[in-house]
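The following block contains the structure, expressed as structure tokens.
Order of writing sets the labels: A, B, C and D. Residues in every chain begin at 1.
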């Protein structure tokens, strides 16, 4: 089945641009604990308020290179907010966020753009462009990096095959089912061989079989060295994975195992 | 807990307008099999194509008044399309749809508006108005019926309490978490005491606890006589309910139990 | 119940305006500017017309009378002229007066008149036409009528100036019609399209309203009210700005080289009202058309 | 690589235009209409100016010469007049010619000239000014200069007509400036706001592009290209329509009552180019400003 292809496809760390590539070169695809750079995501005393609402309070978290972390918690716990902060789509009220030792509080706009090219994000609400086809939506993530057309086409086809959407390439997002849209969002996030993959409720609209496929896909990507953070409410589905799980409740980390 | 309040709140069949109220008056909140009107939803040889795509093929289905039906199936099976057809948001390519013995192929625009006031729909993509508050979004479903302001306010508060969102009444949808938005969509669908409740993946963004609460809520509504059709991929969550389940695959009903 | 619904719609419209501020400000601005341009154009056209018609005042006519005409006849001719709606007799020049005038004109060369035995010059009536209305009459027709009368020898008026004047007037009329027409069409196009764009940005809202069972009118009415409010506001604003401009112009009188002072007049009351009503109608009808486009659910 | 990027942007822009047809057609239409209105205004203004200047032709000047002036002096005066850029000597009227003319004018009354012993009338040079350029000279200054010359007795020209003429010219100039300025501002406002609305309807697209790591320029460039394409198209379209209008007018000659035939001229080459460039700039800059508004992610 398609997912086996991932083995050959994913080679993170290849062709890293600028600042990001310097400290973060993967050592044979494994992370080394003693290396300062090995802490890919570091959050220090992070707070995020929306007006009077406190979405996150005093979050301290380190994610090592190549880790696979689950963030769970009830609806409104702050999972999405946490991922958005890590992605630099939202600024913290206080506290520090270091991605690959780069402080997001002090990052320039253009460096943030560069960073985002190496971080894949599966948005909870997909965020697909309705006026572009599925293929164009996925290709977009590579277009912004200025890759060559043939490379973009190859990668995009591959990525769509991985999420089982090869035959919907020319469809427009609004004509897709919920689960199909979600898979386009996943394809777009993984097409660029991200160093970090942030996935927000990536299987909320998928049936159990597809969910299992996607989890397998993530595992394959993870095995290539990609750091993965998945926010999900469906704890039980991932339970067997035996990975590190962080439980949020009302903006606080209540369990970490 | 809040859900207990549902017992008192929901009294479907009260204040039905026009044509709809005639044949469909509930008999002591129970459906009677021998009554022609008791078949609330009837689908005959239903086909739906989107261009070359066949989303539904030859669907035959009758749902009795007061039934609780699950529609499951893999992503892209046609669950959403089926519900949208029943709701009159989409026209079938061929075949007949009768809702309360009204043929949707021949219904006038204004009758369709009337029908929709008595059918609640929880959309898979929520379809909330971003420029209106949560309260206004829910109240909207009653405003269109021309109800009195005080009644609308009372019902809206109640409905939001039932989905555990009382404290988010004045928030705007874009500032809500995915699960919160989904619950607003649910509140809007049930606020009008619908005769039929169509819910498309209503718990995809909810944690297991909330999912259980929502199922309990639906059960309570069902017990008052409302006909409910829920499309969901998470079969297992509802499995214990012992309700009728229809499994779609590639647009066809493959299992009906 | 009806009243409740209307107050609901009005609240809805006002809230929508608040919630879609950017879009509404742009829509309002466009309408305001469009109406202001049209108003300014109309204002200038009307003033230009008035000024040029004022110059019609300089049209004068000399009615030369036969020698030895009886007073009765002369008075008859004079009263006929006076009966013309805008004509006025500026003065009566006797034969002697005419000679004196000629002498004055000849100046140093006046000596050549010394040798005259009889006065060869005729008496005449100098006719002027009232300011602003001079051209309602056809001077040619008047000339013909007068020349048919007994006692009138000849009628002269400056046909050259009149020709130019008439040309200018028809130029203003035709030019005004062309630009005015173009402006009108352009404004209609721009305003309705801007409204279309403002509503386009809210087509999702329309779809959702339809999905929760709103009737078409329930959806449309707030949009229409918003359009009407925009029309009212931009109409009032444009007229106010136009009046302020007029006020400035008419107090700080503008002196054109050798043309003296222009007296501006504001748009006549009916025109201003018409502009206002047109602006409200534009907002309403524009919204009605635009909102209709997005009803496919 | 740069080239690849640019071809990507161009393809992107064209695809965006296709995908957002409604919005683009409206934007294009608005720009086109706005530019057409401005172009028509400019066209009419330029033609009006030309016609009115053409009337300057009717300005003529009589230079009365002293009796017994020598041929040499007379020729000197004549050649000085000819040296003026636009002046031309229409004819030379001798003393005898002047008397003949007076006799003709007096007609029946000419008898009174019989008693003259000497010819009291002066010889004169009749000067006319070339079509269209008459007003570049200051007749007053010419008059003064001539009167200082030996052998010139008096210089007369119709100051009344000139006054009106100058007034009209400054009216056209000031009026043109006011309407033109207002029109310009109005068009700028409307077009930039329409662009703002068209981009507003796509602000989600901008947000998503930023979220997948696009640089600001990567996001902006297609919008700018779209704006430029709109500017180019609407500029060309407006000029074409304007030219068609001109063509119609100039073949189907328009006869105004008693003003004869108007000869229309098209916008001078540079003006047309300027309109075109302004339209492209409008599209570009409008998009640049508008797209900047929606960069908050």
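Criterion: a residue touches a chain if its C-beta (ideal position, glycine included) is under 8 Å from a C-beta of that chain, and two chains touch if they have at least 3 such contacts.
Please read these numbers as outputs of a predicted model, since none were measured by experiment.
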Minimum number of chain-to-chain touching steps separating chain B from chain D: 2
Overlap of the chain A and chain B neighbour lists contains none
Farthest chain from chain D by C-alpha centroid distance is chain B
Per the centroid of Cα atoms for each chain, what is the distance between chain A and chain C, given in Å? 68
So, in whole Å, the Cα centroid of chain B is separated from that of chain C by 63
The distance between the C-alpha centres of chain C and chain D, rounded to whole Å, is 23
Which word fits the touch map of the chains here: line, ring, star, complete or other? ring
All pairs of touching chains, each written as two labels joined by a dash: A-B, A-D, B-C, C-D
Using the touch definition from the top, list the residues of chain A that touch chain B in their complex. 50, 72-77, 79-80, 124-125, 175-180, 182-183, 200-201, 204-210, 233-236
What residues of chain C sit close enough to touch chain B in their complex? 1, 4-5, 8, 16, 19-20, 204-205, 207-216, 218, 297
Where on chain D is chain C touching in the complex? 22-23, 26, 29-30, 33-34, 36-37, 40-41, 44, 48, 51, 55, 106, 108-109, 111-116, 120-121, 161-164, 166-168, 170-171, 174-175, 178-179, 182-183, 185-186, 189-190, 193-194, 196-198, 200-201, 254, 256-260
Chain B residues within the chain C interface of the complex: 87, 89, 109-110, 113-117, 121, 123, 127-129, 131-132, 140-141, 143-146, 148-149, 188
